[in-house]
Every structure is written in structure tokens, then in C-alpha cells.
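Next come two complexes built around chain A: one with chain B, the other with chain C.
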Partner chain A sequence: MAAFGPKQLDPAAIAAAYGPLDADPWLTTQRQAAAAAYADAPWPEFAKVTFHPWKLFGDGTAAGVTYPEGAPAAPAGVTIQPLLTAPAAVLAPFKPYLFHQTAPTDRLTAYHLAHLNSGFLIRVPDHFHSDQPLVLNTQLLAGVNAHRHLLLLVGRDAQITVVDHFTGEAGADSADSIVTEIVVGEDSRVDFANVDAFGANITAFVRRQAQVAANGILNWTAGVLNDGNIIADTSTNLVGTGSTADVKVVALATGKQVQGLNTRVTNIGRQTTANILQHGVILENATLVFNGIGHIVKGARGADAQQENRVLMLSRTAHGDANPILLIDENDVKAGHAASVGRVDASQMYYLMSRGLTKELAQRLVIRGFLGAVLTAIPLPAIQQQLIDTIERKLIHGQRIAHQQS
Partner chain B sequence: MTDAKTKNTKNNEDLLSTVPTLDDDYDYGFSDDVTPVFSTGRGLTEDIVRIISKEKHEPQWMLDFRLKAYKIYRRMPDPDFGPDLSALDLDDMLYYQKATDKKYRNWDDVPETIKETFQKLGVPEAERRYLAGSAAQYESEMVYHNMKDEFEKLGIIFMDTDSALQQYPEIFKKYFATLVKPTDNKFAALNSAVWSGGTFIYVPAGVKTDIPIQSYFRINAENSGQFERTLIIVEPGASVNYVEGCTAPNYSSDSLHAAVVEVFVNDDAYCRYTTIQNWSKNVYSLETKRAQAMKNATMEWVDGNLGSKTTMKYPSVYLDGEGARGTMLSIAVAGAGVDQDNGARMIHHAKNTSSSIVSKSIAKDGGAVDYRGTVRFDRDSDGSFAHVECDTIIMDEKSRSNTIPYNTILNGNVSMEHEAKVSKISEAQLYYLMSRGIPENKATEMIIMGFVEPFTKELPMEYAVELNRLISYEMVGSVG
Partner chain C sequence: MDTLEVKNLHVAVDDEDGHQVILKGVNLTMHTGEIHAIMGPNGTGKSTLSETIMGNPKYEVAEGDILLNGESILDWPVDKRARAGLFLAMQYPAEIAGVTNAEFMRAAINARRDDDHQISVREFIKKLDEKMALLDMPDEMAERYLNQGFSGGEKKRNEILQLLMIEPPFAILDEIDSGLDIDAMKVVAKGVNAMRGPQFGTLIITHYQRLLNYIVPDVVHVMMDGRIVKSGGPELAKTLEKEGYVGLRDDLGLDVPLTDDSDITPGKGEA
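After this line comes the complex of A and B, so read on.
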């Protein structure tokens, strides 16, 4: 479908086309509401990213995803259900939360909700504790538009690790949307890691939205290693008193791609703590935009919002943006941000090269160190290693290009 | 003042008595009953633009420029960011008012009421004591400008911008509106259509002055628009230090100050441009200030924003020559009903350029103070460096602050550091001071003074004293 998307969506046509996918007719009414909201909904905001002409719109009832390691399995006690085929009785406990954080208030979310073609509902009961991570390995198919929705509902005093890992199939283009809702209950701790490695043929809108109840902790690690153009919004609302979010983002941009990332934490409850750490590396002619947004709303007394955005530029023609934004409506707070953009540290390079390493290897080691602060926070060693391998592969490729240019 | 501060007193009461008493009113809120010798009345039409140009006996090209800008203004929207400007009634504004028939070079000749106003503001005294030159604008026109002979002899040109258009048409045309085009923003377009007054400074190659040249801008009538146009040209190897101050009477209805400032700092030249903006709380201050720094040139903005109802001002430096340097040092204080939306823009266009932005903001009594800035490294900015530091104190629970910096980097061979902090007054510092017998309001004031010191210490002494006094005044009643 063309850039800029359709002017409007017809709710009746959406219901006719997508209704047959839904086991519970309630889902179809949600699609219709989103379709009706679409025409007047504004574009989502990604400062300094011109994404409007991208091919972000594409329909189809086929799922657009496969599971290379089989359907995801949950640890005992945790339930995982496919979203669309869940009957009303299964859907019922999720309804108070489903689509609440991702209401169709922007054009792309509205489009996503109207066209949902795959998804999961995960429920972690109260008092559940496990060190065994729940891993979702998903491959986005070439030429099939995926609109995948995930709701992770974690009860009180629970603890779980979830890894949401995406790869892409090479081939024909597709326009995908990946939207996730996370609910962290009181006194619970969730370690959530998403590793996005969509292929060059995939243009995507990614939105992940979390809310954290009193004394809840959300440790969020995001690896953004896509090859195509993407915009991704990672937002957390610290609703409950004493809740904490620790968000770490590592991103690598290569080729001619554009990756625009909003990483936002909103302090709503009292004594809430937000930390954002973003490290990015840009090679070749790529563009990487970090919009870090720390928002402390009125009444969030004692809130603490910190963020750090660091970008390494490895090519003269790279384009980087590090925009650390603080929006503070309360005075009894601590808020700070830091940002830096620069080259690979010359003294570190000198040290490594004086030990006989080649320039390329030295550069890769320095970069790995730079990204290490985030990489080591990835909860699963296998995924961590995969991420390191992907980064290594991209760096070697980028260095080769740089070498050919010079 | 007593000599108590030199003694090692047992308690600090004596020391406290040395801190000046705080006023609790805006000192400059008085107004004069001056009937203008010429006014275009309320509102703005194309005819008024023609009348302004005719009244000034301008060449045809300037009239054409104004008319073109007027058309641009008519179709330009308000900025899509920052404070709400919907309450600003542009149809009720007085766009051009001339208070005197001529311009004076001696205070004795200035009409009595206007002279008194500037005396109350301390302008003639400051000129005698520490300025190389001084100018005063009242409503739309400069009423006074003078420069000491010794500086005139160096070939420095210092006059109002209207006179410069008549007397130095070639230099004028070469630079005018080349940095800030009418299409830049709505208020730059409006200024271009109705501009009047402002300062023109030309410093010939190699001429250096450390002693400041000052202009003072005063709005007197209610619902006035002041649209001065300032043009500063610093030729290679020259240097200039320019200072401007602004005040207006208190009225219940709004006035508008929409200046355009263009500064050209040529190779190896230096310019420092200091503004102490202390408009009354019924003035919208919507400014466009821009400088161009060529090879190895230095441009420094020093920008103090204490007053106004709403300020939108983001002075910029286009670092267009290799090795150029740009700095911004600013403070903003927003009290009740005030929205200060300030910042800076540093655009690195050439190799080995450097920039520094240091911004200190204070919000109190429900005021809003925002930092909004841009650092941009373009493709050809190899070896350039930028440093940004934004610190904000929010004094009470009614006040708020946004920090919105955009850092765009299009060259891999540059570096940038950015830091910002937002907090309340440090409780540890307050506790320390109060445990030594200093009451809370005085302790708060001392902490604030320490916070803004990096700014005040860059000001000429007389300004630093004045600024400290103004900040003390702003702090009155902020505690308890």
C-alpha cells in the first residue's frame, strides 16, 4: 500500500475481513472502534524523524509471523494463549487491560488494532517466582504484513523474565506493526528483554508500553538491531508509589536505514525512580535518533528521573541525534540527563593498537566495550551471544564498506 | 552597608544587615504622559506599512522589502511549539509611534518627560560613568544616541538603524536581512514589515573596544508594539562589546516586543552581545537573534531574562568559518504568570568550530521556564566540538520546567557533551546555612545567588550589581 496510508478505514469492511479471525466477537468490536478512530487520529510523535512517507501500511489476514522454535512454551504456572483464537472465557480476565495502554489515539496504533493478525496473551499469577525465562522467538515473514499484539499481565508479588526476540525473513517487503502491553503488579519484578532484528525488507512501527504498580520493578533491556526503517516507542508509566523502571537500550544503525527511537518513562506515583541508558552506534550512511523523554507529572513527589544517551559515530556520513528531554511539573524531584556524541576513543584505540591489534579489531573491541553496559543486562546468555554476534557481523560489514570508500 | 562583614561576628545578624533590603515592586512600572508626535493608530494594514516607510523617507527597495514581508507575515502561522500565544491581540496593537520629531545627541536637548524617564532608569549616568556610547529608544524610534569622541575617532559607527539606512546605504544593504529572512518565523516577518529603530554598529577592521556600547529600549504606551532592528557588523580583527536593556510600564493589557537582531562577526573578530531583559509582566517578548561567525571569529551571547509575560528567544550562532567559536550564557527567572521559553542554537557549518551553551533557569510562584535549544553539526564540520549545560531550580510545587535540547549530528568526526539537571533548592545547603542562624528566605536567596553566579560574573560590574538586585527582588516572598 502507498505511503501515508489510507485516508480512512471502513469499520464494516474491517469487521468483514478480519472478524473471521476472532474467536471472541468482542475483539471485532475493538477492531471496528480502532478503524473508526483512525481517520482523525494524529501521527505518533517521533521528534526529528521523518517517517510519514515510509511504507508503514499494509493489510492482510495471514499472520505474517512464524515461530522457528515452535509455538512458545511457558514455565509451569504461567499461561500463554494466542490472542485471536482465545474464546470469550479465556479472554475475560485480560479484558480490563487489553488495549487499555495502547488505545487507538494515534494513526499507527489505530491501524495496528484494526488489522491485528497475530498475538499472545501471557498471564503470570500472583506470587509466581521463577528463574526460568519465558522466551518468544518470532520470525517476521517476507512479503506478509504482520500486526502482532502482545499483552503480558503480571500479578502481585510475582517475578518473571521474558525475552521477546524477533528476526526477519529475507525477501519481499512488508509493513509490520509490533505492539506490546506490559502490566507489572504490586511488589512484582519483571525483567523484560526485547531483541529486534528485523530484516532490511521490513518497515515497522514498534510500540511497547508498560505500567508498573506500587513497589513494582521493571528492568527493561532493548536491543535494536534492525536492518530496515523503523520507529520504535518504548514507554513506561510508573503509576504506583515506589515503583522503578530501569530501561537500557542498545542500538546499531547501518547502511542507509533510519531507526527512530523514543524511550520514555513517566513518573506518576510518589517516590518513583526512572533510569534510562541508551547506547547507540552508527555506521555508513545510517541515521539513528534517540529521543529520551523523562516526564515527572505533578504530584509525583520524591520522583527521580535520570537518563544517559550516548552515540558513537563510525562514519563521516552517519547521522545521529541524541535528544534528552526533561518535562518536569513537580518541584520535589531529582532529574538529570546527559548526552554525548563522538568518535571512538582515540586513547583506547592507541592502547589496543600498540598491543599489535589491527585497527579494525581494536575498533570492534572498543565498540563492544561501549555497548557492554547494555549487553550484559540481557538476561539470557544465548540471546546475549546472538546479539553480540549480530553486532559483530554488522560492524565487520560496516568496516569493509568504510575501507572500500577510503 | 556597615563594616560588619569584615568582622568575625559571633552570629550573623550584622552580616545580614549588610544585605540590601529587598524591594517588593517592579521598579520600572511607571509610565509617562507623552503624546506622540506621530502614530499610525491601532492595528496593521498594508497602508500602515507604506505610511511607516514614507514617514522615514526610505528608499524604494526598503518599501518593497517591507511590503513583501507584510504579505509573508499575513500567511504565516504562530510557532508550532512553545508557549500559548492565543491571548496576544495583534489587531489592537499600536505598530508605530514617534515620540519626538528629531533624534538628540545631548541629554539636555531631549524633551523633559522622556529625559526624566531615562534618568529614572539610570541611562545618562551609566553613559557618563562607564560606556563608550549610549543610545535610547522610546516607543518606535531612537530618541538619543551618542558616542564618546575617542571612539568616534576610531571610525566606529554607532547610530540608530533608520539613520544608518540613510547614511550608510551600501554597508546596510550588503548585510540587512541576510541572516534573518522574513520567512524565518511569523514575528521575524512582522518585524521586517514594520521595523523601526534599533541599533546599528559598524566596527572597522582591527579596531578593538573593551568598553561597552549600550542601547536602552523603553516601551511607554499601552498596547504598544516595539519592533527594533539591530545590525552589528564587526570587521576582520575588530572587537565590540554591546549591552542592551529593556523595561516597560505595568499595564493590564499586553504589549509586544518583537526584535530582529543580526550580528556579523568577520574573520578573527570578536563580539559580545549582552541583554538584560526586564520587561513588565504584560509584555510578549518574541525575538529573533542570530549571529554569523567567520574564520576564527568569536560570538558570545550573554542573555538575562527576568521579566515579560511570555518570552520566546533562541539566539543562534552560525559557525560558518573554520575555527569559529560561539557561546551562550543565559539565565531565566519565571515568576507568577510568566512563561520563559528560552534557549540557543549553535549551527556548526565549518571545520574545527566550537560552541558552548550554559543555561541557568529558575521557576517560582507558578512560573514556567523552558530551555529549548539546538546543536547541529553539519556534514562539513569535521573536528568540531560542542558543550551544553542546562541547570534548573524549581522553587515550589506550582512551578514547572521543560528541558528540550535537540542535538543533530551529521558528521562522524565531531564530539558533543550535554548535561542537564532539574531539582528543588538543595535541602543540604539550606540546612547548612540555617544551622548557622541564617533565616530561610535569606539562605534561599544566597543559594540562588550562588546558582546564577557563573552568569553575573560575566557582566560589567554595574550590571552585575543591578542583576543581583533584580534577582533578590524576584526572590521576595518565594519562601514561606
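After this line comes the complex of A and C, so read on.
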């Protein structure tokens, strides 16, 4: 489907086409509402990223995803069920949350909600504690547009680790949307890691939105290693008093792709603590934009919002941006930011090379060190290693291309 | 036997003070099996010489040559020089987060070997344990990030540890004694002396004679104002300690300005 998307969506046509996917007619009414909101909804904001002409729109009722390791399994006590086939009774406890954080207030979210073709509902009950992680391995299919929605609902005084891992199938183009809602209950701790490695054929809008209740902790690690054009919004609302979000993002941009990332934490409750750490590397002709957004709303007394956004560029034709955006509407707060866009440190390169390491290997070590602050925070060693391997592979590929061009 | 030759070396550097000529014709020949020391007052070009031999891109060779086993290495990048056999223990080693000391040293050893003869993990660990024990380094230093958060003394020891692990034919030790107390200096000297043998040559750059009590050199060179002005045996270092650089300068009848801090004053490091 064309760039810029359709001018409007017809709720009746959406209901006719997608309604048959929904076990609970309530879902269809949600689709219709999103379709109705679409025409007047503004584009989502990604500062310094021109994504509007991308092929972000594509319909279809086929799921657009597959699970290379079988349907996701949850640790005992945790329930996980497909969103669309959930009957009303199953859906009922999720309804107070489902689509609440991702209301159709922007064009791309509205499009996503109207066209949902896969998704999961995960419920982690009160007092649940487990060291066993819940891992979702999802592959985005080539040529089939995926609109996948996930709701992770974590009760009170619970603790869980969730890894949401995406890969892409090579082949025909697709326009995908991945939207996730996370609810962290009071006194709960959630370690959430998403690793996005979509293929070059996939253009995607990614939105993950979390809310954290009183004294809840969300440790969020995001690995953004896609090959295609991506806009990704990772946002957390610290709603409850004393809640904390620690968001770490590692990103690698290669080829001609553009990856535009908003990483936002909004301090709403009192004594809330927000930390954003983003480290990214850009090779070849790629573009990587980090918008770090720290917002302290009026009334969030004693809030603390810190962020650090750093980008390393490995080629002269790379484009990088690290924009710290601090919006502070309360006086009694602490906030700070650091940002840099630079090249690999010459004295580090000299030192490593003086021990015989080739320029390429020295560069990869410096980069791995640079990304290490985030990589080591990934909760699952296997996923961590996979990420390191993917980065290594992309770096070697990028260096080879740079070498051919020089 | 390997040979390192420095011939009529003139070197300039561009820094915030503009274009400065630092080396004005240095000649030096050394072989494996020999320990040379270069002494000299501050700002006389000792570090420039060591960085230029290693291939620091900040320094520009205006004239002269550097030869390793008869072949000019001036056009070689630093990593090629390292693999060909040069090693520089630096005054200010870089800190690299996220890369462990052990991982780095293994990469350095393997950079000298082809793909079919990479050092095994077991062999590497055995060697590392042995060398760290020699230098009284705690095991945990192997897993710390490269030089990150190391004290001055730990960095110096770590440079010597790399020397012992890599075992290059030629090592230049640039002010390896600066900022070390006597015990730490003895440990460093023990490490260097362990390398001593027919396969190893070293050039020790120092401001003070003190280190040379523990690593006794075969040849001592004195550098002033960008040149080697006198060479001799280990006794030259002792003479210098008694008379100071000013005394030697006057004995040689040189018209060379010496900076305020040029006399040998034990306990002061070179800035």
C-alpha cells in the first residue's frame, strides 16, 4: 500500500474484514473506534526523523508472524493466551487495561488497532515470583503485514523477567506494527527486554508503552538491531509514588537504513526515579536518532529524571543525532542529561593497535565496550550472546563495505 | 638476532603550541639480547622517540628512518609494527570499558598467530596465571575492564603483564617507573628482568637513575634537546645521578636550555 497511508478508514469495512478474527465482538468495536479516529489523528512525533513517506501501511488478515520455537510457553502460574481468539470471559480481566495506554490518538497506533492480526495477553498474578524468564520468540513474515499487539499485565508484589525477541524473514517487503502495553503493579519488579532484529524488507512502527504503580520497578533493556527503516517509541509512565524505571537502549544502524527512537519516561508520581541510557553505533550511510525524553509533570515532587544518549559514528556518511529533551513542570526535582555524537576514540584505537590488533578488531572491541553498558543489562545470557553475535556480524559486514569503498 | 635502528630521526608534532620540532637527528642501534636506557631531562624528546618508533600517528617524521631488521617501518601502521615485534609500555595507557584485560591480551596474542594456531584457552590461562603471580597481581585484575579504574601503579604493572604475555622481540618502556613506590618498582623490574635473554631487547626511557639499579642496562644514552649527546655503560647513569644533567651539559660544552625541573630529583615524576 502507498506511502502516507489511506486518507481515512471505513469502520464498517474494517469490521467486515477483521471482525471474523475476533472471538469477542468487543474487539471489533475497538477496531471500529480506531478506524473512526484514524482520519483526524496526527502523526506520532519522532523529532528529526522524516518517516512519513515510508511504507508504514499495509493491511491483511493473515497473522504476519510465526513462532520459530513453537507457541510461547509461560512459567507455571502465568497465563499467556492469543489475543484475537480469546473469548469474552478470558478477555474480561484484561479489558480495564487493554488499549488504554495505546489509545488511537495517533495515526499509526490507530491504523495498528484497526488492523490487529495477532497478539498475546499475558497475566502475571499477584505475588508471583520466578527466576524463570518468559521468552517470546517471534518471527515477522516476509510479504505479510503484521500488526501484533501484546499486553503484559503484572499484578502486585510480583516479579518476572520477560524477553520479547523478534527476528524477520527475508523476502518480500512488509509494513508492520508492533505495539506492546506493559502494566507493572504495586511493589512489583519487571525485567523486560526486547530485542528487535527485523530484516531489511520490513518497515515498522514499534511502540511499547508501560505504566508502573507505586514502588514498582521496571528494568527495561532494548536491543534495536533492525535492518530496515524503523520508528520505535519506548515510553514509561511512572504513575505510582516511589516507582522506578531504568531504560537501557542499544542500537546499531547499518546500510542505508533509518532508525528513529523515542525513549521516554514520564514522572507522574512523587519520588519517582527515571534513568535512560542509550548507546548507539552507526555504520555506512545509515541514520540513527535517539530522542531521550524526560518529562516531570506538575505534582511529581521529589522526582528524579536522568538520561544519557551517546552515538558513535563509524563512517563519514553516517548520520547520528542524540537529542535530550527535558520537560520539567515541577520545582522540587532532580534532572540531568548527557549527550554526544562522536567518533571512535583515537587514543583507544592507538592503544589497542599498539598490541598488534588490526584496526577492524580494535574498532569492534571499542564498540563492544561502548555498547557493553547496555548489553550486560540484558537479563538472559543466551539472548545477550545472540545480541553480541548479531552486533559482531553487522560490524564485520559494515567494515567490509567500508573497506571496499576506501 | 633482531635489530632495531633509528637513523638521523627528525620528528615534529603539531599541538596547541603550533608546529614543534622535537627530535633533531637521533641515531640509535639496538639488538635483541641488549638492554638500553635513555635518560634525559624533561621535554627533551624521550617520549616522542618512543611514540615515533611505535608509530603514533600524532608524530610526523620529517627526516631520517626507522628500520627493523633492515626494513624501513616508517610507512607501517602501528598494528603492523606491533605484529612485527615492537612493543611500547605506555606512560598513559588508554582505558577501555567493556573489554576485559584477559580478553584483550588473548586477542593481542592471537593477532600474531594465524587462524590455525590460536592460543587455546587453557594454555592462555596457564600463562596468564603464571605471569600475574610473578607481578603480584590479584586474579580479579584479569577480569576487570582494560585499565579502567586502575591506579597509576596498577596500570604500570598491567603494561608489564602485557609485555610478559606477548613476549615481543623489542620493548620500549616509557617512564615505566614514574609514580611508582620502591616496592612497585621492584615488581616491575622483576617482570622486565624475567624477559631478559637473547631473544629480547629493551629500551628503557627514564628520568631517574633509580630504576637502573634494578634493571641494569648494557648501554646508557643521554638525550638532550632532541639528540643523543652521550652514550656509555651503566656507570654513565651513576655519574649523571651525582652531577645532574646540568653538570653533564656543561662538561660536554653544550648550549642547550634545560627546563627548571631538569635535575635529577628523586621522587618527582615527569609531567
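Criterion: the second predicted complex is superposed on the first by the 406 of 406 C-alpha atoms of A that agree within 3 Å, B and C clash if a C-alpha of one lies under 4 Å from a C-alpha of the other, contacts with A are read in each partner's own complex, and residues count from 1 in each chain.
In this section, a residue touches a chain if its C-beta (ideal position, glycine included) is under 8 Å from a C-beta of that chain, and two chains touch if they have at least 3 such contacts.
Predicted model only: the values in this text are computed from it and were never measured.
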* To do: On the superposed three-chain arrangement, identify whether chain B or chain C touches more chain A residues.
  => B
* Asked: Can A:Pro324 be said to touch chain B (first), chain C (second), both, or neither?
  -> first
* Does chain B (first) or chain C (second) touch A:Ala286, or do both, or does neither? -> neither
* Asked: Where does A:Phe370 make contact in the superposed view: on chain B (first), on chain C (second), on both, or on neither?
  -> second
* Asked: After lining up the shared chain so the two structures overlap, which partner does A:Ala251 touch, if you call chain B first and chain C second: first, second, both or neither?
  -> neither
* If you stack the two complexes on chain A, which partner ends up touching A:Arg316: first (chain B), second (chain C), both, or neither? -> first
* To do: Could you say whether A:Leu352 touches chain B, chain C, both of them, or neither, answering first, second, both or neither?
  => second
* Asked: Across the complex, what residues on chain C touch chain A?
  -> 54-57, 77-79, 82-83, 87-88, 90, 93-99, 104-105, 107-108, 111-112, 145-146, 162, 166
* Asked: In the complex formed with chain B, which residues of chain A make contact?
  -> 47-48, 282, 298, 311, 313-343
* So in the complex, which bits of chain A are touching chain C? -> 345-348, 350-359, 361-362, 365-366, 368-373, 375-376
* Name, in rising order, each residue of chain B that touches chain A in their complex. => 379, 382, 392, 394-397, 399-424
